[in-house]
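Next come two complexes, and both contain chain A; in the first it sits with chain B, in the second with chain C.
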Partner chain A sequence: MVKIKKNIAISDSGFVFDPGSGDSYSLNPSGLEIVQMIKLGKDFSAILEAVTEKYEVDSDSFERYYYDFIATLAQLHLTEPDGKD
Partner chain B sequence: MEKIKLTIALSGLNNIDSPGPGIPVVRGLRDSKEIDARIIGLVYDNLEPGPYMHDLVDKSYKVPYPSDGVEPFLERIRYIHQVEKIDVLIPNFDSELFTFMKSEKILREMGIRTFLPTLQQFEERHKSNLPEYGKKYGVNVPFSAPITSVEDFRKMQDKFEFPVVVKGKFYDAYIAYDMDQVALYFNKIAAKWGLPIVIQEFVRGTEVNVIALGDGKGNTIGAVPMRKTYITDKGKAWGGITLEDPTMMDLTYKIISQTKWRGGMELELIRTTKNELYMIEINPRLPAWVYLAVAAGQNLPEALVKLAMDIQVAPFTKYDIGKMFIRYSFDLIVELNEFEKLSTKGEL
Partner chain C sequence: MTKLAFERPIIQRINAGLPSKYGMSHRLEPLSHIDGTPIKDLIGEFGSPLFVLSESTIRKTYKEAHRAFSSRYPNVQFAWSYKTNYLNAVCNVFHQEGAWAEVVSGFEYDKAIANGVPGELILFNGPDKSTEDLQKAIRNNSLIHIDHFDELYEIIHLSKEMTERPKVAIRVNMDTGIYPKWDRFGFNYENGEAWDALNRIMANKNLDLMGLHTHIGTYMMSVDAYRIAAGKLADLAIKLERKHGHVLKYIDMGGGFASKNTLRGAYYPGTDTAPSFDDFAEAITSVLMSSDIKPDHLPMLILETGRAMIDDAGYLVGTVIANKRLADGRRATILDAGVNLLFTAFWYEHDVRPVQPVSDQTEDTTLYGPLCMNIDVIRGNVMFPLLKKGDQYVIKRVGAYNNTQWMQFITLRPNVVMLDSKGNPHLIRKREVLETINSQEVMPEHLKQFKL
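Let's look at the complex of A and B:
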């Protein structure tokens, strides 16, 4: 399961701060919603279910966007290196 | 609690694009809840902004350059001390530290306290001695060698790969991508800061820094790590942010405890993509971004003055993470008569 690193601060406005590198990022509302679900410990299937129920998106498209997004988070060192869905 | 009244003299008031630490140190002292400071500026140039910043600096005196020798400097300090009764003196330039350390005893006899590294601590952390320093204290340092001519580098060129960093003994560093650039930067730096020039292996990564204060007994009184978020073409931080970085803190504690560092310092480090830390320099004084540490909860200028006054200082245990600074420029309007005073009388 993907895990956001414990020390990463995420505000309600979608502002993400990595205290280790000093870098900060902005999430859009959908990104923030997904990151919050990951932080709550939900795995891909739970997130897929929640998103497809709430938004008009098909499973295949969402899966592609989701893993793209996760890869970006990993590239920015925001996720634990061993966490995978 | 009643504040302790102290007269504190300090240099480094050149608050310019490559600023000295003087004004940020003064800001820390002005923030102090324990010290009521009368600030005496020691000025080398009539156009240093500090003497004209009257809300921060109470009185300024021109002083001779360290290169003029110890005697003219001491003579001037004696005069200033006679008038001002200096309690603590904080030199803020690398280039003047040697003179101050050499005169520490004489200053003390005059009644002026300092809190400086020892000559041994100062000498062994020189850029030209960094490889030995790394070996002695078990710290990663890039390979480097001092040279006194471009020919010296030509002879040892096989030990380096381009690019290399060409560094002055006190200030300035340039990345050179070929022999021509090495020669160019060698001449440029040597003309300004003298010899030797240090050639250093270029380590790729992110530059991170730690400001720290050692009590001279091996204890770290305070330490704050920072990453430069905006770097000027002179390599100076125009913006920075405090970090949460236990490895940088451990390295700082290790260096201070092993060397029993006395005084302020700045560790300049490179974090590689493999997450290794390389120490590229130790600056033997508080850096110009010291006010970030003050704002993050560690008033290191205040602590340094207390240590100089033999007042017990409890080590800081925390600081705010994610505190930022953004430097800015500001046109100070100066009346001609003020400039005239400083230029002709050497006092303002």
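Let's look at the complex of A and C:
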């Protein structure tokens, strides 16, 4: 399961700060929502269910967006290296 | 209740600071894993420094190259260039993929035979083939690529003594519009020497002329040179058929395709400038397909490219020994691998990365190796993160030539591991020990004792 690194600070407005690298990032609202669900320990299927219930998106498209997004988080070193979904 | 519109999730880095001429400031991303295996664990198990080869990258690159040519030409064969990396495990990955062996010395020839390559699937290049090498190659029906007239006459001489018929090709050098022009290997096209050699072979009843070979250069950035070379070899093939009614079995375009490494002094990175396999394939095959060679006489197209096949699969990982300041205040970082292991540092601006994420701060740094030589520089003047003693680094794209041209100078060569398709490491060359070196030395009796 993907885990956001413990030291990453995420504000309610989607501002992300990585104290390890000094980098800061901004999340769009859907990105923020997903990151918050990941932080709560939800796995992909739980997130998929929550998102498809609330938003106009099919599960195939969401899966693609989701994994692309997770890969970006990993690329930015915001997730734990061995966390997989 | 209607659902809300969905926007795909994104995260964007907030950039501060001034853009350089290439845009925003450059950051060296750490590389912590190779094929899913943590570099830290590999160093822990096999020591530092360590060469790591990725089997899956080799196979992927081979398939990509093969597809580029075989999708454009009916009869394509790759031969693994032993000199580029003749670690047996590497050779066997290529042989498993279907590559023949291309060797340039008796030593490499024996290595290919010992690996189990059938003699008739070995291409024997190079200017130095001893009489014994030639006899062996003739006996095994190997494909001998003749480099000069002395070799041709030696083969003619041997053919009279032996029962087997030598299978030969000539190596052709030519002007392909590039500088430097490689004219020391083989017979020249423009001055008629190559045609002369072909006629002499055809006049001899004991030799089987199998093909034509050329190797126009190394780290070739221009596909046009291959277009010209393929055209000239096709012309020779057509002339042979017209004059002697002889149909060649193959045309061997050699190797020399550029890898994605960046040459020292290059303005743009190699990742942007190196032509793709498709570019090379298009240049070569379009000329052969549109030449006057009859469609049912199209020869097999052999490729011996080495560098572009293996460079990406090799990594050199290691540990920072120390940091120091140079006289002019620049930072120097000393790594535990130098030009003794990384011969290609003389040619390339290698892509060196930290293994662990470190601070975003970078400093103008020169990366030195551990040798007591001033020329032992892995990278000069690179904006590099502030690694400290004990931090680990990884150097990308080192698969070509380093495991064949490395030096045993003041220290011993390290372990080499290959990661299989699941990312499991396999030791494929053991680190040298003192005994490895001393076992080759002989001490004269009168020098065995000394008193200090």
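Convention: the second predicted complex is superposed on the first by the 85 of 85 C-alpha atoms of A that agree within 3 Å, B and C clash if a C-alpha of one lies under 4 Å from a C-alpha of the other, contacts with A are read in each partner's own complex, and residues count from 1 in each chain.
We take it that a residue touches a chain if its C-beta (ideal position, glycine included) is under 8 Å from a C-beta of that chain, and two chains touch if they have at least 3 such contacts.
Only a predicted model underlies this, so the values are computations on that prediction, with no experimental measurement involved.
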| item | value |
| --- | --- |
| Superposition on chain A - do chain B and chain C clash or fit | clash |
| Contacts of A:Ser21 with chain B and chain C, given as first, second, both or neither | both |
| Chain B versus chain C as contact partner of A:Ser13, first or second or both or neither | neither |
| Greater chain A contact set [chain C / chain B] | C |
| First, second, both or neither for A:Tyr66, with chain B first and chain C second | second |
| Clash with chain B, by chain C stretch, listed 350-358, 404-412, 422-430 or 440-448 | 350-358 |
| Set of chain A residues, in rising order, touched by both chain B and chain C | 20-22 |
| Sites on chain A touched by chain B in the complex | 7, 9, 17, 19-22 |
| Partner chain A, residues of chain C touching it in the complex | 3-14, 29-30, 32-33, 38, 357, 359-361 |
| Footprint of chain C on chain A - complex, ascending | 16, 20-31, 33-34, 51, 53-57, 62, 65-66, 68-69, 72-73, 75-78, 81 |
| Residues of chain B that touch chain A when the two form their complex | 206, 226-227, 229, 240-245, 321-322 |
